[in-house]
Amino acid sequence: MHAISSRREMQQCIDECLHCYRTCKEMAMSHCLQAGGRHVEPEHFRLMMNCSEICRTAADFMLSTSPLHAQVCAACAAVCDACAENCEQIGEMDDCVQACRACALSCHQMSESLGAIGVGTSRQSSTSLGNLPA
Amino acid sequence: MHAISSRREMQQCIDECLHCYRTCKEMAMSHCLQAGGRHVEPEHFRLMMNCSEICRTAADFMLSTSPLHAQVCAACAAVCDACAENCEQIGEMDDCVQACRACALSCHQMSESLGAIGVGTSRQSSTSLGNLPA
Amino acid sequence: MHAISSRREMQQCIDECLHCYRTCKEMAMSHCLQAGGRHVEPEHFRLMMNCSEICRTAADFMLSTSPLHAQVCAACAAVCDACAENCEQIGEMDDCVQACRACALSCHQMSESLGAIGVGTSRQSSTSLGNLPA
Amino acid sequence: MHAISSRREMQQCIDECLHCYRTCKEMAMSHCLQAGGRHVEPEHFRLMMNCSEICRTAADFMLSTSPLHAQVCAACAAVCDACAENCEQIGEMDDCVQACRACALSCHQMSESLGAIGVGTSRQSSTSLGNLPA
């Protein structure tokens, strides 16, 4: 019902994850390293790297049509939120803030769609995404 | 206090994650593909791929000394549990079952150590792993 | 000179790599696993997994504005060519063939642009992509 | 014959790659970010990130028993050599230098074992690692 994410929503979430991966990675490795100073402070730079990594992994789970993507998307949403908040404080990171906010929203919805609770139980693991509405 | 994971525990969890990544990847791509039949059924094979991917990512977060590793470890524990359960049903996957069980246990402890709840909040994201007891 | 890839060409190659990663991963984990038979034969399935992995890595190198991307793109082009050829033999893999061919072409050009030869030497490693024409 | 890598050599190369991935990632994200200064200069930090990424990918190809690992190992050897050389110039990076040198040596041997030339041709892609001597 309302709790089931459609294929369209999942494709959009994959888009957001790959866009956020790309934005975080590129800004960290070009803008942040070139700018130096507060842009290479440990907390900020780790968040940028963490965010790019979990976005890439969340996309990978959804591309694998895995019924276990919900909890990975929940983790991705949390990291994206933390990265967006931190980038706002650092400043001059608007593209990153925007990409993280959009990805967090989409991943949060995805994490609720199939229910992050109970992932890993035998009932849950038999869920097939082949049954999703188009 | 007792809820804080030491560096030693984290290094062990990284070991377990990389070992589980390696075991799942190698068994899926050699044993399962060669054996065919139930070993390449979608649910089983997806779990093997998902498990190797999230184990690699959880290790990456811990190697990055990220304070956000707790929720990623929680997701990793859930996927490892699901993979272990499924591999037991498939049979002839003892190495994989063992690696998944050990990794799930270690990741579960790691996810509780810093608290998966509240990850992404400003308080949590300012936590530094540099303060961990050795 | 003519051998220098512009930023525009690199952004397009990143696009092609991420599209090929996505296509190979999704077709392998949904279409191939569901279809079974020749679609899960070891050689074919390994190529699909290898191709998605190296495409993701090649994109990562280019996003890192690394002067060492040339040799990774060369490896990516070789794997994409092998995957495209194999997918044509298997049949019913048109999207994958198309994505692999486009990615191989783009990566091949990228691997020639800065010269795969000499990567890792002190001269090469001091090359900065910051000097690339826009 | 002598040009064929045994399973034992490949397992050792996987060990070296995962060790080098782990060392580069951990030193970059803890030691380099904490130390700042020359440790976060763009060229050095990018090499550390590039090296960890390609090591992880080279390990993944070998774990997949892919006949296409030779060219990926060649790229890995080149990046490891560049990273080792750069880390020696930066100083205080002994663990990283050691891990990169060992990995470069092992990957270089692996890239020669099956022949990096001709990877992606139909003859090469039909090679099965299942025939490797133990």
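Which chain is which? They are A, B, C and D, in the order written, and residues in each are numbered from 1.
Here is the rule we go by: a contact is a pair of C-beta atoms (placed from the backbone, for glycine too) under 8 Å apart; a residue touches a chain by one contact, two chains touch by 3 or more.
Computed from a predicted structure; not experimentally measured.
A.B. asks: Quick one: point me to the chain whose Cα centre is farthest from that of chain D.
C.D. replies: If we average the C-alpha coordinates per chain, A ends up farthest from chain D.
A.B. asks: Hey, which pair has more contacts between C-betas, A-B or B-D?
C.D. replies: A-B is joined by more C-beta pairs in contact.
A.B. asks: Need the CA-centroid distance for the pair chain B / chain C, whole Å please.
C.D. replies: One centre to the other, that is 28 Å.
A.B. asks: Using mean CA coordinates as chain centres, what's the gap between chain B and chain D in Å?
C.D. replies: 23
A.B. asks: So what's the Cα centroid distance for chain A and chain B, whole Å?
C.D. replies: Centre separation, chain A to chain B: 18 Å.
A.B. asks: Touching at least two other chains at once: which residues of chain B meet that condition?
C.D. replies: Expected reply: 29, 34, 42, 46, 49, 60, 64-66.
A.B. asks: Of all residues in chain D, which touch chain A in the complex?
C.D. replies: 29, 33-34, 36, 40-42, 45-46, 49
A.B. asks: For chain C, which residues are in contact with chain D within the complex?
C.D. replies: 42-43, 46-47, 49-50, 53-54, 57, 60-61, 64-66, 68, 71-72, 74-75, 77-79, 81-82, 85-86, 119-122, 124-126, 128
A.B. asks: Over in the complex, which chain B residues touch chain D? Could you list them?
C.D. replies: 14, 18, 22, 25-26, 29-30, 34, 56, 59-60, 63-66, 130
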